[in-house]
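Letters are used for the chains, namely A, B, C and D, taken in the order the chains are written, and counting of residues starts over at 1 for each.
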Amino acid sequence: MKNKIWRQTLFILLLALAGGCSGGVEKKTEEGVFKVGLLSPGPVNGQGWTQIAYEALLQIEQDLGAQISYVEVEQSPALFERAFRDYASQGYQMVLGHGFEFQDAALTVAKDFPDTYFFISSSKIHEGNVIGVDSDSSQPFYLMGVVAAKMGRGAGLIGGVEIPPITNAFIGFINGVRSVNPDFPVSTTYLGSWTDAAAAKEAAFSMIAEGADFIIPDADAAGSGVYQALNETGPGYWSFGIYNDYTSQAPSNMIGNYFNDYGQGLVNIARQVRDGKFEVKTNVEFGLKDKDVIWVEFEEGRVTAEVLEAVDQAVADIVAGKIDTLAPIK
Amino acid sequence: MQLLRSIGQIIVRPTAAVAVALLVGGILLIFAGYSPLTAYGVMWKGAFGSMNNIAETLLKSTPLILIGSGLAVAFRSGIWNIGAEGQLYAGAVAATLAGIIFTGLPAFILVPVVLVAGALSGALWGGLAGFLKVRFGASEIVTTIMLNFLAIIATSFLVTGPMIEEVGKFPQTAQIAEAAHLPRILVPTRLHVGFLLSLGVAAVTYLLLFKSSRGYALRTVGISPDAARYAGINVGRGLLAAMAISGGAAGLAGAVEVSGLTFRLYQGISPGYGFDGIAVALLANNNPIGVIFTGILFGALRSGSEVMQMNAQVPSVLVSVIQGVVLLSAAAFGVFKITITNKQNEE
Amino acid sequence: MEPLAIITFLAAVLAATWRLATPFIFTSLGEVFSERAGVLNIGLEGVMLIGAFTAFAVTFFTGNPVWGLVAAMTGGLTCGLLFALLTVSLKANQIVVGAAFNLVGLGLTSFLYRSVFSGRMETAREYHSFSPIEIPLLSRLPFFGEILFRQNIMVYATPFVVLAGAFLLYRTAFGLSVRSTGEHPRTVDSAGLRVGVIRYASVLIGCALAAVGGAYLTVAHTNQFNEGITSGRGFIALAVVVIGRWSPWGAFFVSLLFGFFYALQLRLQAVSGITIPYQFLQALPYLLTLVVFVTLRKRAAPPSALGVPYKSS
Amino acid sequence: MSETIIKLENMVKTFSGTVANRGVSLEIRKGEIHCLLGENGAGKTVLMSIVYGLYQPDSGRIIYRGEPIVLRSPKDAIKRGIGMVHQHFMLVPTLTVSENIILGQYPPWKILRQMDKVETRIEKLSREFGLKIDPKAPVHRLSVGEQQRVEILKALYQGVDLLILDEPTAVLTPQESAALLHFLKEMAGRGLTVIFITHKLEEVMQVSDRVTVLRDGRKVETVDTAEVNPRKLANLMVGREVLLEQPPKTGAEGEEVLSVKDLSIDDERGLPAVKGVSFSVKSGEIVGIAGVSGNGQSELALGLTGLASIASGEFRLCGKIANDLTPRELSHLGLAHVPEDRHKMGVVLPFSIAENFILHDFDSPPFAKNGFLRTGTITAHANEMVGRYDVRLSGVEQQIAQLSGGNQQKVVIARELHRNPRLLLVNEPTRGIDIGATEFVRRQIAAQRDTGSAVLLISSDLEELFALSDRLLIFYEGRIVGETPARKELIEEIGLLMAGKSMETNSVTK
């Protein structure tokens, strides 16, 4: 009996402590502070997709002096709406939902908060203050396809989960390949996971055994398993870093890196929002035309001048709108 | 006297368990360089600080109460249903299908249709494990875990393949009909009638377990299969019923999530409600009325932890640690007095 | 396919099978001990994560995966001690404790990963794991040699660890007492042995090996940690134990079977032109488990005292 | 004779209120076969479990080979050369014979590489002592007799000096029993000391040098076997005084309620336990089934109540063939059953007393209406019943687990009698309960008979059978080996029948 009383007392004490200090921690909402929030669909330090958004957020903080905040909402759509609403009601001027899945929730909340901009990654939406922001990965992947078809015997693509941002990138790749050699073999594997690096590694080995010598991941944190597979297999097998510089993970296998400075793109938008200059005309779509957002860098001496030339030509054609990188594959 | 004691049992030990868990969480927070009091303060406010926050907490408690009530029936009947997560998915799939197919129906028909579809589907998915146990002696612990994976994989297949939306082609289904949406209570918050439904289900399962003759039979099966046979109760049928009831409650939770919040089906529609539901039921000593409180407790932990992450930048994964330690210390305090195996199939 | 293509296909699938099976092998072997002594640990996933994280963290700071492995085992033993304390000494419900371990394992490793490593994203990836070793003569064998005998040390270790496990379980007095404890603890008591001590030891073995199984993912198969990197492998290991009928070699071969399914589904996707939905292939191991239950019927009887706390009179 | 090997002084052992041993002193001589004789519950097994280190005595001393010793666990006993063959075998069914034998014999790190060496030694032992067994066979494949051999070999392998056997013949066929007794005599000849727990007089006479009779946790007497006869032993064992005089029978016998014809029932392992018995019970009479427990009475009870399936033959309840009826259907036909194991079947321990009263009728009126329990009616019913049957409690909402065994049994009796059954089957109705409750329960059973019910009473307590029964059927080895009127004067004959001693005629004339 004594025991029980002791436990109860302890709990009440704890509650009191917790309640007592809750008054002191309330954040003061200062007038004029630019606030940006992020809804991340996974751990912000997961490599790849989720990290991009987090780094963008940090960049906004650094470049624009914004007050930032993020929340990981796992994959549960039920939680999205609340997070949007919380940010908006706290006076955040800009909230980014990092993935198409945030679209429904943003649309619902946006009606009640006309002064907040809701940006949705990977979305092409444009409805009031809900604006899709997308980077068209099919364009850089198109370039990789061109390089692969010109240099290699076969290519393998390893995706995390079968969703539009990934499938679109892969369509771009295949279109790039077909522009050089319609018979060049390309295979695709989906892991069903963004974290299972071991599976990615094995998928890469499988593709190598099937004769592919260009293996390109688009699978977030799991993707680095692919680089490890190439590193272990040795030279003569190639890949590209996706979104970031991954050269150190497989130094002798990297043809180059596809950089996506989504952060820079968002900083550009955020600056306009902060300064009240953002005008909603259409959804935002970054492509090779936005040279400070999306670009591909090649490692020194890994590609011939002829290949480089073809790539440059492709870039020019894409920017000029002569090539549709998302053209349906027959 | 009896009532007082049982209330004591329901409240004191879980409370102590929560205290221990908060302490452990606090140590972790200090280790990671956060102020525990600040973090918990924000968490408290995030869970109960405003009308909207309370509504959000109750929203998260809704599936937990539904699942926990069902699992209370299963656990009281001596069958270890670890498969509420999969049963929730099964329910969500069926509810979505119903909500998409029967678009022409008026709300007062469509809402019940959607909910019943979800409950039935969950009951079947759960009943499958019950059937495997009764017919083949397959451990329900292992089969329900396998059925979880199968339901989640099947959902992934459906939303990327056969059920994918027409426009956009994102891996999600089309929206269910407007008429299938659960009405909201407490506008402007999102709280919907699903919460009231969960309270109703808790009450019904409580009545079923403790006030009805079927519940009497189930509890007898759970405590002593021999005595149940002696009393003329069909033990196998009881186990099957218990699995179907708990599966049905989990399926209903899936349907409520779809028709009350998401309005369509996605791959990750549950962030582990099925597993939290196990903790919720056990912590309440498998009493559905207690489940209401433990469900709200776990809902508040989840809900508060999100706000804690937003406003104090403390990783919300901490809540898993807190929930786990709640269970561990509750186990250590002797809250759970049931052994795992029941031997009723050895005939 | 031409014969040659089939052989290379098979060889590559088999090599991948072995690598993908390794975490199942370690984890399920450990659980065989635990369950043979009558303790069901459904918290394997959590213990694996703790092993994966400690191995990763220690390897990162020491630069030596051996230390990482040692640390993982220590972490596993700590888990085991806690698990046994609760379930054996305090006779707490094993399912509850197991479920709690899964929650704590995921939460704790994710929390620590962020707290300790969030500032060093780039560098965190830079450490040496166990790298593949070629076995001089065998690796020259045509087709299979190069592929099967270029594995890392933990993969090679699996048959030997299983051999050791089988030896311990079937050829030592300790193993005899473990097997008896799960079946008929009262006999063990009456033979003058301590049921509790045997269960503690078995749970410790189980958790240590589960932690090694997790560590394999971060210091051998890959050299990184991701939150939730185990991706449900702990649950599969539980199924492996059942299908392998609670024997070390059974666990070994069923692990290989599951590894084979895993490898095959990755491989079949890589072969262009095959259009089975990948989810179907992913579902195979789970379907298989259910089928085994139906076909084996009651022959797959678990240890009689599994999950039942022992109270000496 | 020879020196004393073990001496027990004033052993007292209590289990949560129940006294098992009330100060027993005993002296065993080296090389003798010493029988411990007594009825069920006399405290024989508990006393010997203390000697084997399984239980710690509350008080008393053990002096072994002249020194006082303390046995903290079986390990201590085994080390000193004390071995025990339990009534319920301590064998792991999935292990082989040799594995079972060496369990606990070696330190954990010991490598059992040379199992063949162990097996050779076991084979040698088994040849030497004529205990034929295949050391490689898994134990679950062995017959009961063979399993017992394994138990004995286990003790011999440990190098036992003092071997305790707890009712070793209870599970054996007559041939196996004979062989075992022969073997024990031979072993005693080689210097082994044997303590033999039994309640079969025949065996005592056949095998022992001396015999100690226990009754009600106390030692009655130790005598040289040569100086007594079975009659004397039976008297010592049962005691002269009978607790309760038989209440005068008021009603007359009526029609046949239960008739059993060539009935056979298997036990849970699928071995025949009841082997073609035929009998009948009429309304207004109590038929007692006497016998040492384990002779098929439990299976008979389960079979007649629908809880075990009938292998062959048939039984009729109120004229209706009842072989395949479920417990519920039987109960609707008018059967009530007071089961043997109260805790396993008779009551649901975590339930309240009120809930326990409705175990059969939880879903029918007046206790249930429209599927719901009618708490008020249930409580009222419980209150009425506890009053009428004198159950001592603090309230009917109390958990039944908190009641004493006697009061629990009163609840069971009350519940079953309240149904006013045509046939009442009571199995060991007073086992493990205090004298007051015993008297009460017996009076209730007799009263039920007098209202015209047929009563089948299974008991291993002869006194109880005499007190209640109108006639007795004696069970031995699954068969009815005799039928007698329940008259105390016949106790010796009945005791002999129960012990499997055949008599010239199987029925004794009134």
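By our rule, a contact is a pair of C-beta atoms (placed from the backbone, for glycine too) under 8 Å apart; a residue touches a chain by one contact, two chains touch by 3 or more.
This is a predicted model, so every value here is computed, not measured.
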{"item": "Chain at maximum distance from chain B, centres defined as averaged CA atoms", "value": "D"}
{"item": "Centroid spacing, where centroids are CA-atom means, of chain A and chain D in whole angstrom", "value": "74"}
{"item": "Whole-Å separation of chain centres (CA-atom averages), chain A against chain B", "value": "33"}
{"item": "Between chain D and chain C, distance of the C-alpha-averaged centres to the nearest whole Å", "value": "47"}
{"item": "For chain A, residues that touch 2 or more chains besides their own", "value": "43, 162, 192"}
{"item": "Overlap residues in chain C, where contacts from two or more other chains coincide", "value": "110, 114, 227, 279, 282"}
{"item": "Two or more partner chains touched - positions in chain B", "value": "153, 156, 160, 315, 317"}
{"item": "Category of the chain touch graph - line, ring, star, complete, other", "value": "other"}
{"item": "Pairs of chains satisfying the touch condition", "value": "A-B, A-C, B-C, B-D, C-D"}
{"item": "Touching residues (chain side chain C, partner chain D) in the complex", "value": "171-174, 176-177, 179-180, 183-184, 186-193, 313"}
{"item": "Partner chain D, residues of chain B touching it in the complex", "value": "1-2, 207, 211-214, 216-217, 219-220, 223-224, 226-227, 229-232"}
{"item": "Partner chain A, residues of chain B touching it in the complex", "value": "8, 12-13, 15-16, 18-19, 22-23, 37-38, 40-45, 49, 52, 56, 59-60, 153, 156, 160, 168-172, 175, 188, 190, 257, 261-264, 266-271, 303, 306-307, 309-313, 315-317"}
{"item": "Chain C residues touching chain B - in the complex, by the definition given at the top", "value": "40, 42, 46, 82, 86, 90, 92-97, 99-108, 110-112, 114-115, 227, 232, 235, 238-239, 242, 277, 279-280, 282-283, 286-287, 289-290, 293-294, 297-298, 301-302, 306-309"}
{"item": "Of all residues in chain B, those that touch chain C in their complex", "value": "28, 31-33, 80, 82, 132, 136-139, 141-143, 145-147, 149-150, 153-154, 156-157, 160-161, 275, 278-279, 282, 315, 317-328, 330-332, 334, 336-341"}
